[in-house]
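Shared between the two complexes below is subunit A, which pairs with subunit B and subunit C, respectively.
Up next, the complex of A and B:
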C-alpha cells in the first residue's frame, strides 16, 4: 500500500485512537465492576452479617447472666447477692495520647493516680484494668470522655445487703468474685457453679436472732469497754447455728478496708480459756461415771496448793458444799477435787469424746485447734476442771455444752439449713438422767447462783457463768478477764443455747466495778433471750419442772455468800 | 436550580451552560451535599475529643464547600487551552511546594505532608496530582500526533520528579495512586501489553519491597491477610459499624464508631455513614461515584481530541481510584491505607484540589452536542477504513 506520509500518519493515528478507545472501554468495565463489588460488599455487611451479629449479642448476654448464687438465711432473707456493674479497661496499644488520656480519666475518677494510669496506658500489655466496678454515673462520665482504646467489661459485684450482720459467717469475695473467707470461701465451688446459679444457698442462720445477738454483744462491749466479744446461738436439737457473732465486726461490702482484728472470727478461729463453764463438763463426767452422786459434798474451806499454784474460789462459801452448791456458786476447789476423784485419764477421754481436743466441725475454714497440755498432770486435771489450762473456741464450748443439756447427745454444728437432713448423727456422751441433773443445776444457777442476772421471767433460763483470768507471759492477769455465760432455755424442754464471751471487760459503777461473768455476760444473755425467745416461738410459762426440786433441796441458799 | 438561558443567547456563560454536562455537575453537587451531611454527623465527636468547638470541622468544611463549588464553576468555564496552561503553570509551583514540605513541613503522624499557612494547613500533593496528570496528558497527546516529539520521555521524567517528592515525605498512598493513574495514561496512549505486564510486575516488586522494608506496610498487609495477627482495631470497628447500621442505619447521631475512631471525619467517614444512615445511603454514595466516573469516561469514547482523552481519562481515573480505595478499605476489601473519600471526607486541601480536578474534567468534556454526531461521523467513519479525507488535527 503506498500512501502519502501525511495519510500514513493519519492512518496510524486512527488505529492508535481505536486502541485507546478499546482500552477506555476496558477501564469503564473495570470501574463498573469495582463499584459493583463495593455495592455487594455493602449489602453483605448491612444485610447478611447484620443478622449474624444480632445472634451473637444474645448469647453473650446470656453468658453474663450466669452468676454466683445468692446466700439467704433460713427464712429466705437475702444475705449475699450480685449487682451488675461495669469495669473499665484500656487497650494501651490503641491509646493515641496517653498523657492527655491519663489526665482526663483521673479528672473523672479522682481516686486513681494520674501517674499510675499513665504507666498503665503506656504499658506494653494489650489489656489493663483501670478501675473495677464503676457506678453507673462514673461509667457515663468515662464514656463521655470518648477516649478511644477504653472499654467496659460487664461484671458482677457481690453485695451484702445486711452490711456487717453475720459478716464473719458470710465472709467476703475478692474483686474477681472468688470467696476469700467464711461461707463464701467454704462453698466457693458450689456458689460459683452455674448449675446452681438460680438456687440460693440456704443457711441455718436467722437474721432476727443474729441481729439480737450482734446488737446485745456490741452494746455490752461498749458498756464495759471490752476489746472483743463472741457469741453463738445454737439449736441444741439439730446443731443448726441460728446466729454467730464476733466483735469487732466488718462490712463485707468493703472487706479490704477492715482491719485484721475486725475480720478475725473469734467464735471459731479464736481459742480462749473460757473458765467455769467447764464445770458443767466436770460435774456431768463425775455424775455420769458414778464416782459421785448429786448429794455428795466436798470441803471447799481451804484453797488447794499444788505445784506452786493456789486454787481458790471466786465466790468463797467457806464450808462443805454439795455438788449443786459447787456448781451454782462456781467453786473451783470443789470442781478440782471432783476431777481428781474421777481421774485425769478419765477427764481427758471425756473431753476427747466431747470434741474439745480437736477443732470444731463447722462449714468454715476459719477454725482453730484447741490448746491443751500434752502431758495431762494432776495440776492440769484440776485447772481444766474449771476451764483453765485449756483453750477452746466459743463454738466448741457451745456444742459441748449442748450435749450436757439436750439429753446427753453430741450434735454436729452446722451453718446450713438442710431440708432433707434428720440431724440424727449423734453420739451419746452422758445419760439422759445426768443431763437432767445438769439442767437442774443450771436452772438453779440462774435462780439463786452466780447467773441470777441471766434470768428472764417466763422463759426458764438455765446456765453457767465462766470468768477466766487471761493468761499472760508467766501467769494469769487478775485484771484481764474473759467473761462468759452459757445459757439454755426453756430449761424444762431446752431447745436453744446462747453462749457469750466478752474479752477484757472493765468494771463500771453499776456493777460495783466487777467485770466477772455474772455482771457482764449473764445480763447480755438475759437481754438476748428476752429478744429471741418470742421470735423463736418459745412459750412463756411460770411452771417449774418438779425434777428441779431435787437439786434445789441440796442447796442451802440461806448460807449463800 | 433553574437558570434559563435562551439558546439564541451567544454569550460565553450561556454557551458554557449549554455545553456543560449538567448531569455530572448535579451529581457532584449531590456528593458534596452528602459530604457536608456526613461531616455534620461524624466530626463533632472528633472535634470534642480534640478539645475544639463541636462544629469546628463543620464550619470549615462549609466554607471549603462554597469555595469548592466556586472553584468547579470557574475551572469548568476554562477552554481546553486554558486548562492546559493552568496545569503547566501550577505544576512547577505545586511540585516545588511538595519538596518544600520535606524540608520544612509540619510533621503529623510521622510524615511531613503539610505546609502551615496561618490557620490553614495546605497539602500540596493534593494539587500536584491533577496538574501532573494534565501535563503528562499533554505530553502524550503531542507525541500521539507527532511521533517524533519525545512526550513519553518528558512525562517519565516528570513522573520520577513527582514520586521522588512523595516518597521523601513519605506518602506511599499518593505514590501508589499517581503511579497507577500514570500507568493508565500510558496504556491509553498505546503502551504495548507486554510493557503493561512489565510495569505491573514492577509494581508488585515495589509492593514486596515495601512489605519487607517498611514496617507499617508489612503490619497492615499482615493484618489484612490474617486479622488475628495484629491490631485490627480500626477496621474491626468500621466493619462492626456497618453491621450495626444494617440497611437503614441506627439513625443520625446514634452512631458509636465516630466516638472511637480517630479518623471518623476523614478516612473512616464512610463507616459513620454506614452506622448512622445504613446501607441505603452507602449504596447511594457508591452509585454517585460510579455515575461520575463511568459517565465521564463514556464521554471520552466519542472524543477525538487525544489531549482531552488522556487528561480527562487520567483525572477521572484518579478520582475513581481514590474513591474506590477509600471505600474498599472501609469495607475491608483492601488493607488499611489512609486515603480520603473525594468530596465527602473533611479536608480543605482535598476539597479544593478535587474542585480543580473535576472542574478540569468538566471543562475538558464540555462540547456542543449538536456538532457531535456530524463531526464524529464525517471525521472518523467507523465502518470505512479508507475514509481519509479531512484528517486535520483537532484543536
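Up next, the complex of A and C:
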C-alpha cells in the first residue's frame, strides 16, 4: 500500500508532464509555422517581388519625357521641341499685403497691369494664375522678391527654335499644347501619344532648302513690293516636299499675335489662277493623246474672240508657231487652239486624272478645294488651256507639273520622311516619251524663251512661266498679276521641282516696269536653284542632253519678238 | 550548459540584429544615392533638351548666313567651284608664268617628238617641265596621281 500513493503521484506527475509537453509542442508548432510563413514571405519579398520593384525603378529612371514629341527635319534638325517652363500662381489667402505685392510683382513683370494683379491677389479664390510660362530670368526675379503666397507650377512649353521658318508647315499649338494648325494639328494624336514621346516626327523638309526658298521669296517680295508669295520645292521621284513657304509668315512661338493673313498658308490653302504653267498640261495632253505632234503648227496671228472675250498673246509673235514655239513664247492663242482640237471633255478628264479638280493630298488640314467651272464650255476649255478660269493651289500645280517632268507618273506629295515607304503609289498620266518632249520644251523655254532669267549655268534648269491677271468682280485686272515660275532641274535627269508664285508684284526700273513671271518669278527660281543644287548634291555639267535638239530645231529663235 | 546556450543565442541574436540593421542602412543609403542619380539624370536630360533647342536656334540658317556675311565674306557656291571629276580640273601653275587656265593637255613620254606648234613658252610644275603649245583640243582623261608620281614624263599643255 505504501507504494500506491507514490505511484499515484508519479502517475499524476507523468500525466502533467505529458500535458505540458503537448502544450509545448503546440506552441512550437505554431511558432514554427509562423516562422516558416515569415521565411517564405521573406523569400517572396527578396526574390520574387524585388525583381518587380527593380523593374519599377528602371522605368522611373527614364522619366524625363516630354508630353509632346519633337518634330525634326529630314537631317534631324530640331523644328519643334518641348521645354520645361514655370508658370506663376498665387494663393490670395496667404498674401498679407496685396497692394505692396502687386506693385512689386508688376515691377519685375511689366506686361502685367498692377490693378489687375491687385484684383487677383484680393480675390476670394484659393488659386489664381498670374502669368503662364515665365522665362528663367523672370522666374529668378520673382523668386528674389520673396513674397509668400506666390508659387510656381512646372509646365511644358512648345518651342520652335527656327522661328518663322516653315511656320505654315509646322503650325502652332495653344497654351495647353494642343495643335491648332499645320503638322501640329494633323499629327496631334501622334505627337501627344506617350508611347511615341521620345520618338521625334521626322519631316521630309530640309531646313537648308527651306531657308533658301524663304529667303529668296521674301527678297523678291520686298523688291517688287508684292502682297504675298508661295513656294514649294518638291522631290519629283518620291513626292517628298523639301520646302514649302508662304509669305508673309509668322513666328509660331507667338502665333497669337500674328495676323490672319500671315497665318494663311498660300501654298496649300490658297487657290489662284496660276496662268501659263497650265500650258504644260495642255501640250502634254495633246501630245499624249496623239491629236498633235511636236512639229505641228498653229496660226497665232489673230486673237481669238469668243463669248465677248478676246484671247491674245502676252508675247505676240504674229506668225505661225510650231508646238515648241507656242510653249516657249507662251502663246495663249496657240494653247487655246490646241485645247479645242483635243476637246473640253478630254481636257476635263485629263485634269481630273491629274488631281487638279480635287484638293491636294498632303498631311495638312489647311488644304483648299480648287475652283473650276461647273459647266465646261468652249470658252472655259480655251482659258483653262492657259491657266485662267481655274484656280488651284500652288502645291497642286507643283505635283501636277512633277508628273509632266518625271516620266509621266503622278506622285503623292508628302511632308513625312519615311524610310520604309517604296513610294509605289504612282499613277501613269502621260507616256515616257511625251514627258521627254515636255522636258525638251521646258529646257528650251529657259534657254531661249520666256524663262531665260531662270537659267543657272551648269544645272540645266527647265521650266515654264505663268503670268496671270488676277480676277476681280467683273473681269480681270491688268495691273494686278500673279507671277509664277515652275522650274525643274537637272533637266537631263530631273529630280527636283521648284515652284514660286508672287502675288501682285509691282514692276521696278530694273525690270523696265515689267512684273510678269519672266522678270519676277524666273530670277527667284534661278537664285533658289543656284543655292540648293549644291546642297542637294546635283552635279553641275555643261553638257546638254541631245534630245533637247529635237525641240530646239523646231524653234525659230531669229524671228522671236 | 544552459548559460552558454543563452550566451550563444544572445550573441547570434545581436549579430543578426546588427547585420540586419546595417544592411538596412546600406540599402537605404543606396536608395538615396539612386534617387539622387535619377534626379541628376533627369536634370541632365532636361538640360540636354534645352541645349539641343539652343543649338538649333543658334544654327538657324538665317543666323549662319548673317554671321557669314558679316565675318567671312563667303558667297554662295557657283557651279564652276564644284569639282566634276579629274578630267575637268585645269592644271594649277604656281610660277605665275601661265595665267590662262589650261583646260586640255596631252601627255607624252620625253623622247616622243611633239607634233604641235610650239609656242616657245616654258613653265614648270614642281620638278616637271611643261612646254606650252597651241594645241588642238585633245582631251585625255588620266590619273593625276600616277601622273605626278612619274617624274620622267613631260607634260605638254595646250591653251584653251
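The rule is simple: the second predicted complex is superposed on the first by the 449 of 561 C-alpha atoms of A that agree within 3 Å, B and C clash if a C-alpha of one lies under 4 Å from a C-alpha of the other, contacts with A are read in each partner's own complex, and residues count from 1 in each chain.
The criterion applied here is as follows: a residue touches a chain if its C-beta (ideal position, glycine included) is under 8 Å from a C-beta of that chain, and two chains touch if they have at least 3 such contacts.
As the structure is a computational prediction, the values presented were derived from the model and not from experiment.
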Partner chain(s) touched by A:42 [first = subunit B, second = subunit C, both, neither]: first
First (subunit B), second (subunit C), both or neither touched by A:456: second
First (subunit B), second (subunit C), both or neither touched by A:475: neither
Partner chain(s) touched by A:537 [first = subunit B, second = subunit C, both, neither]: neither
Touched partner set for A:290, first subunit B, second subunit C, both or neither: neither
Partner chain in contact with A:83 - subunit B first, subunit C second, else both or neither: second
Which superposed partner A:165 touches (first subunit B, second subunit C, both, neither): second
Common ground on subunit A, meaning residues reached by subunit C in one complex and by subunit B in the other: none
Residue ranges of subunit C touching subunit A (in the complex, touch as defined): 34, 38, 41-42, 45-46, 49-50, 52-57, 59-62, 65, 76-80, 82, 84
Contact footprint of subunit C on subunit A as seen in their complex: 57, 60-61, 63-64, 66, 77-79, 81-84, 159, 161-163, 165, 207-208, 210-212, 215, 456-459, 530-531, 533-534, 539-541
Footprint of subunit B on subunit A - complex, ascending: 6-7, 9-14, 16-17, 19-21, 23-25, 27-28, 31-32, 34-35, 37-39, 41-43, 45-47, 49-50, 53, 91, 93-94, 96, 146-148
Of subunit B, residues touching subunit A in the complex: 45, 48-49, 144-145, 147, 184, 187-190, 231, 233, 239-240, 242-247, 259-262, 274, 278-279, 282-283, 286-287, 289-290, 293-294, 297-298, 300-301, 304, 306, 309, 313, 317, 320, 324, 327-328, 331, 333, 380, 388, 391
